Structures are given as C-alpha cells and as structure tokens.
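By written order: A, B, C, D, E and F. Residues from 1 in each chain.
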Amino acid sequence: MSTLLTAMTVVLCIAILVAAIVSIQVKGDKSMSIAILAAGLVSLLASVLFLILAAPDVAMTEAAIGGGLTTFLFFFVLARMRNGEREYEEANHD
Amino acid sequence: MIKRFLALSLLVGIGAIFVALMMSYEPDASLNLTARYYAENTASETGSANIVTAILVTYRGLDTLGEVTVLFLASSIIGLVLSLGNKQNTTLRKLVPVGELLTTGKSYLAPIIMLLGVYVFVNGHLTPGGGFQGGAIIASGMLLLLLSDPLKHFSHALISLVESLSGFVYVSLGVLGIVLAGSFLDNRILPLGDFGDLISAGAIPLIYSLIGLKVGAEFSSMLANLSEMEDLQ
Amino acid sequence: MTYIALATGFLLILIGFYGALTNRNLLRMIVAFTIANSGINVVIIAIGYMHGRTAPILDATVSAADALTRVIDPVPQVLVLTAIVIGVGVAALMLVFAYKLYERKGTLDISKFAELKW
Amino acid sequence: MTDTALSIVGGLLFVAGAAFLLLGGLGLVRMPDLFNRIQAGTKTTTLGTLLTLAGAACLQPDWSLKLLLIGLFVLLTNPISSQVLARAAHRMGLEKSQLTMVDHLAEDTGERS
Amino acid sequence: MHQVQRVSSFFQLFLTLAIFWFWLNGSLAIDVVVVGLIASFVIAALFNGGLSAFSDLQPTPKAIGYSLLYVVFFFKELVKSNFGLARIVLTPGLPLSPGIVKVRTKLKSRMGRMLLANSITLTPGTLTVEMTGEWLYIHCVTVSSTDTDIATANIVSGFEHYLEVMYG
Amino acid sequence: MADLLVYVAATLTSLAFLLALYRFFKGPSAADRVVAYDVLTIIAITGIVLIALAEGRGIYLDVALVYALLSFLGVIVVARYLERGL
C-alpha cells in the first residue's frame, strides 16, 4: 500500500501548490475573496497531507481551524471594508 | 520594477538555502534520544495512549500553559484595539436576510457540532484530538450560530466566565500536582486507571477538557469581537 | 514521500514570501503570510516523518511494547500543533490592525502608509 | 485484507463510488453554468462518498459504526451548503446558461434574469 | 402548556445528543455513559429550543413505520436520479433544458420542510434555490413542465406523501 | 483482488480530484470556484478513508468526521459574503 500513499502525496502536493499559486496570482473581479478561499483550500489539503505523514493530531487541528475559523476571520474583516477589494485592482496597475 | 527584481533575487537566495537543506537531509533510521524516552515510558508513566497528548499536557505542560496565555493575550488585545477609537457613527448594517433553510439547518447542526467538540477533547488521550482541536470545533459551532444570525450578540460575560473559570481550575490542578505528586501539572494526582478507558491517565482528560473550554472561549470571544465591528466606508 | 512533502513545504514558503513581497494590498499580504505559515508547518511535520512507521497513538494495532519500533517522533507534532493555534491568533491580530489602519487612512495600499518612511 | 467474498464486495462498492466521484468531476468541468455545476458536482459526489464509505465498511467491518456516522454527517451538511450557495448565486444575478428555459424566481422577485 | 412544550423539546434534544454520543464512542461502558449524559445535558440546556430528529415527529406507530419507508424511498430516488444525471453528463451533446420552476408544498412543521428541501437537493437533477412560505423554487436540469401543478406532482409529491404522515 | 480494486478506485478518485482542481483553477466566476472547493473537500473525505485503509488504523477516521462536519462552513461563509449578508 506504500505506492498508493506516495501517489496520493504527489496528487495532493500538486493540488496544494496550484491552490497557493491561485491565491497569490488571482486577478480581476472578486479577486480578494478568491485569494482567501484558495488559502483556506491550502490549509484543508495540507491537513490531508499531515494525515499521510502520520500526524492525525495535527491534521485534525488544521482541519478544524483552516476549514472555518481562518476563512471566517478574513471574510469578516473584508466584509467591513468592501472598498478595499476594489482598490486592489487600481493599486496594482503599475 | 526594481522592487520586484529585489524580491525575486531575495527569493532565489532563500530557495538556494532550501535546496541545500534538502540535499543534505537524511531521514533518521531510528528514534532520537528524546523520542525514544517518550515512546518507551509514556504508557507506563502517564497511562495515556496518545503520546502527543501526554507530551502536550504533562511532560511539556508548562509550555502549553504559556501557549494558552498567548492566545488569551491575542484575544484580549483584539478586544482592546477594537474598543478604542471613535464610535459616533454607528448605523445598523443592512444585510441580506438569511434563508429559512440555513436557520433551520443551524438549529439542528449546532448542538451536534458542540457534541463533537466535547467528544474530541474528552477523548484526547485515546484518539487523535484534544483540547485545541475541541476548542476550535466549539468555536466553529459558534461561527455557525453567527452566520445564521449576523447581528447576534453573544454574552461576553458568559464567555469570559467560562474562560477565567477554566483557566483558574487549570492552574490550580497544576499547583495540586506540585503538592501531591511532586511536579507542576503532574497527572498522577488521580489514579491512572486501566489503559484505554475513557476515565484513565490520571488528570489528563480533566486538564485537556479545561484547555478545550478555555481555547473555545478564547476563539469565541475573538469571533464575537470581530462580529461587532462597524462598517467602514 | 518525505522529500515530496519537504519540497512542497519549501515551495509554499517561497510562494508565500513572493506574495507578501510583491503585493501592495495589506490583506493580500496577510493571506500570503498564512500560506507561508502552512508551508513551515508542512516542513516540520515532514522532517518528523519516518518511512514505514505510524502515528504515535497506541491502540489495538500498536501496543505499548512495540511502540519503540513502530511509532514516529512525536515532538515535531507537538510543536506544530501549538504553532497552528498560535498562527490563527497572529492572523486575527494582523487583521484587526489592518482594519484599524483602514479606519484611519481609508486605504489598504501599503505604499500610501508613509509615516515611517525616510 | 483477505480475499473473502465480503472484501470483494467492498472493493466493488469502492470502485462504484469512485466512478461516481469521477462523474461528479466530469460534470463539474462539462456543465455550462453554475447551477448545473452544483447539480453535477456536489450531488453525484454525495452518492459516491456514501458508496466508498460502504465499501470501506465491508473491507473493515470494525469501523462500520464510525463510517456510518461520517455518511450521516455528509448527508446532513451537504445540502445546506449547496442551497445557500445556489441562493447566493441567484441573488448575485449570475449569468445563466443560454439553454435556461424558465426562471420563476427571477419573475417573482423582480430581479434581472 | 408552554412549559410542557419547552420541557419536551429539551428532552428530545437531550435524547438525540445522547444517541449521537454513544454512536460516536461505540461503547456502553459506565464511564462513557456518565460523561455522555452530563455533556448532552449541558449542551441541551444551552441550546434550548434547538431542533433534533425527533422534533415535531408525530408519536404514532404509523409515523415511525413511514419514516423507515421514507429512508428506503429516499435512497431509491437517490440512486435512480444519479443514473439519470450520469446519462446526461456522459452524453456528448449535453441534452440540458435547465430552469427554475416554482412548486407548492403543504408541509407546515419546520423539520418536515427542512427534510423536504434537503431531499429535493440531494437527489441530483433538482436543487432547492429559495423557500418562502408555501412556495419552493427549484432548479431542474431537465424541466419537464413549467406549470406549477404538474411540476409539484413530479418533484414534491413523492417525498411529501411520506413526510406529511411523519410530521403532519 | 480486493487490493487491486482499491487501487483502481484510488486512481479514479485522483482523476476526479484533478478535474475539480481544474475547475478551481479555471473557474470564471468566484461562485464556480466555491463549487469546486466544495467538491474538493467532499473528495478529500474519500481520500482520508483511503489513507486509513492503507495504514490500517481506524483512529484516522476521527479526522474524516471533523472534515465531514466542518468543511461546509467555509462554503457558507463565502456564499454569505458574496450575497452581501455578512
């Protein structure tokens, strides 16, 4: 079963890196919310990676915190300053 | 443009260090000295099946106390910073109302989420999980309540009561460890019981439950403070 | 497996740093910071992993007697466990400060905060 | 894992569940607009997850209680998230596919369709 | 009267949580029972007014029999409609005719309406978008009829037949 | 035999995962990405069950339990933000 785990690790790592790149590079309408969502996906998938690396305690912490709490904190602050999202587009045209 | 170039060159430098680290890294074939001690003695000394829990609560219990304190500080600084400043233009926010489905769904899911949190921190010494995970799950239950009613105000008094009460009992149990068993936060103030039972491993389930309540209350107070922020233009 | 996870962790740290250095928006910088944070966690856990061994929890499949040969190093896991929880606290603090700056200045663009520049 | 009849059944259930997951992924990529993507994506994956959980319960009968509970939680939480998302998408006035025949909700609330 | 209702709703929630606790632990040892009862009691007291699977369920034997039948019916529908959607996805031309239709429900109790909406959502091909009063707005992958009454007969009636007996 | 079937299932699951990831990467609107996120977390539950089977440890299922009960919160948060209800 070791090859199965290795193959799953490869797939997961690709997914994590893609999500991270989406989070950094995304542009356009609603780009801020997509960036936050992608960061949440990074931590959710990292928790599966932790489980493969035989750390179920850490995996559970990351799943419980990355899934809802962190995303929520970001969105709550973002909802209070909706102009900040639009402003990003103007600021980054250099 | 020059800034971007500087950033990229810095990243290349860091990346080179990382590659060097990875090339020279060789996985250990056997456990190192500390890990060996923990692997051999945890079961007989603390009676806890989960070695991570045993280290977190007993062997390095003082660090955990410090960590919980840091979290407490973070949540109180958030409360302090948000309470500063001008509050004259407080208008009630106009929000899209919550649908009936989410309201009904919340009222049967929130108790189950809370129960799962309690399960996770009570079973901290047997299964993966424990106080920090359980506290986060309880705070997620609070988050569901907040999502289904964004203008809800939590009782700050209740949250800080739970927080300070569990903190007080936690420290008292630690001091009791000095008196009865010889060191701070020693779990052998209660009988170790049978290995693998729910009530075993001395004071570990009790201490971890208190940590869970404390962490849950701290996260909840963070959420409550953030949800009461005002809209900015 | 260790090496794949290690490489992912290092790459995550680099991606996070890149985002934090090149973005001008404060919130985007905080998002990049959390990505770098998870990358560091992945690296530490990957270093603790040992091939062919299993999680440090004793139950029916791993008895206390053969724990020495079957379980992996629990110490990095304890470190990361606390680091994740603290990470949330730090992220929340940064968000609150960003909110306060926005309240004072009406902008999130980092190049507009010029008081401490010289 | 021994090759008893039960484990073969479990393996087959596992493959069937994975096939439904693949179908969900395929639907997610092929469908033209958001509502159809929700239908194809999250619904077929629910059945897929339930089947894989049943397959795991056949392969390891000791775990069946916990696997059943996981399935129940998926059944409880999944519809709520997709309903809330569909409602939000409709409220945002998201563009619907050209094929859409009728939209009573937009007619009744007076939104732009 | 109000007091009686409160106590009974508390007891229903307590019972549901206790069942979940034993299910989670998978054992009935004495310490598990004691801790579980305390935890369920505290949570049920904090969430007074919360719903559970037993809330609003009619206490007649017929309702209990119908709830078992409902589970069977639901899984039958789930598998059937999954194969229906599978055919659509795998057909190269994507034979879609999507739309949002309006249907009517007769159910009044909160839990019954919740279960109806969830069942409609979980069967692929239909998705509840909005629910106001007696009207449900449902997105269908293939709209059979835009008329409210015919759509109601097609989509809702099967589930409603069971739920009406269970929850009244 | 059963092992072989599990391998086949793992391959199909990985394919589904990559397809959903493609939608997450491409997704024209924010809501499309949220759907992809939802599908990815559901598939991850199957992934966790596969890991537990491969390692032969039932206690890993607790993580799947937490995943199943909490991952929908992220979707709800984003959906409420997008419809301006937060």
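The rule is short, and it goes like this: a residue touches a chain if its C-beta (ideal position, glycine included) is under 8 Å from a C-beta of that chain, and two chains touch if they have at least 3 such contacts.
Values in this document were obtained by computation on a predicted structure and should not be read as measured data.
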Mutual neighbours - chains that touch subunit B and subunit D alike: E, F
Two chains sharing the most contacts, counting C-beta pairs only: D-F
Chain separated most widely from subunit E, comparing mean CA positions: C
Distance from subunit D to subunit A - Cα centre to Cα centre, in angstrom: 22
Chain centre separation (subunit B, subunit F; CA means) in Å: 24
Interchain centroid distance [CA atoms averaged], subunit A/subunit F, Å: 13
Multi-chain contact sites of subunit B, meaning residues that touch two or more partners: 50, 52, 96, 99, 101-102, 105, 108-109, 112, 116, 120, 127-129, 132-133, 136-137, 140, 143, 147, 219, 222, 226, 229, 232-233
Subunit E residues counted as touching two or more neighbouring chains: 24, 117, 128, 130
Subunit C, residues touching no fewer than two other chains: 7, 18, 49, 54-55, 57, 59, 72, 77, 81, 84-85, 88, 92, 95-96, 99, 102
Pairs of chains satisfying the touch condition: A-B, A-C, A-F, B-C, B-D, B-E, B-F, C-F, D-E, D-F
Parts of subunit B lying in touch with subunit C, wherever the complex brings them together: 3-4, 7-8, 10-11, 14-15, 18, 21-22, 25, 27-29, 31-32, 34-36, 38-40, 42-44, 49-52, 55-56, 60, 63-64, 67, 70-71, 74-75, 77-78, 81-82, 85, 126-128, 132, 136, 195-196, 215, 219, 222, 226, 229, 232-233
Complex interface listing, subunit A residues touching subunit B: 56-57, 59-61, 64-65, 67-69, 72-73, 76-77, 80-81, 83, 94
Interface residues, subunit C side, partner subunit F - complex: 54-55, 57, 59, 61
Residues of subunit C that touch subunit B when the two form their complex: 2-3, 6-7, 10, 13-14, 17-18, 21-22, 47, 49-51, 55-59, 64, 67-68, 71-75, 77-78, 81-82, 84-86, 88-90, 92-93, 95-97, 99-100, 102-103, 106
Touch list for subunit B against partner subunit D, complex: 96, 99, 101-102, 105, 108-109, 112
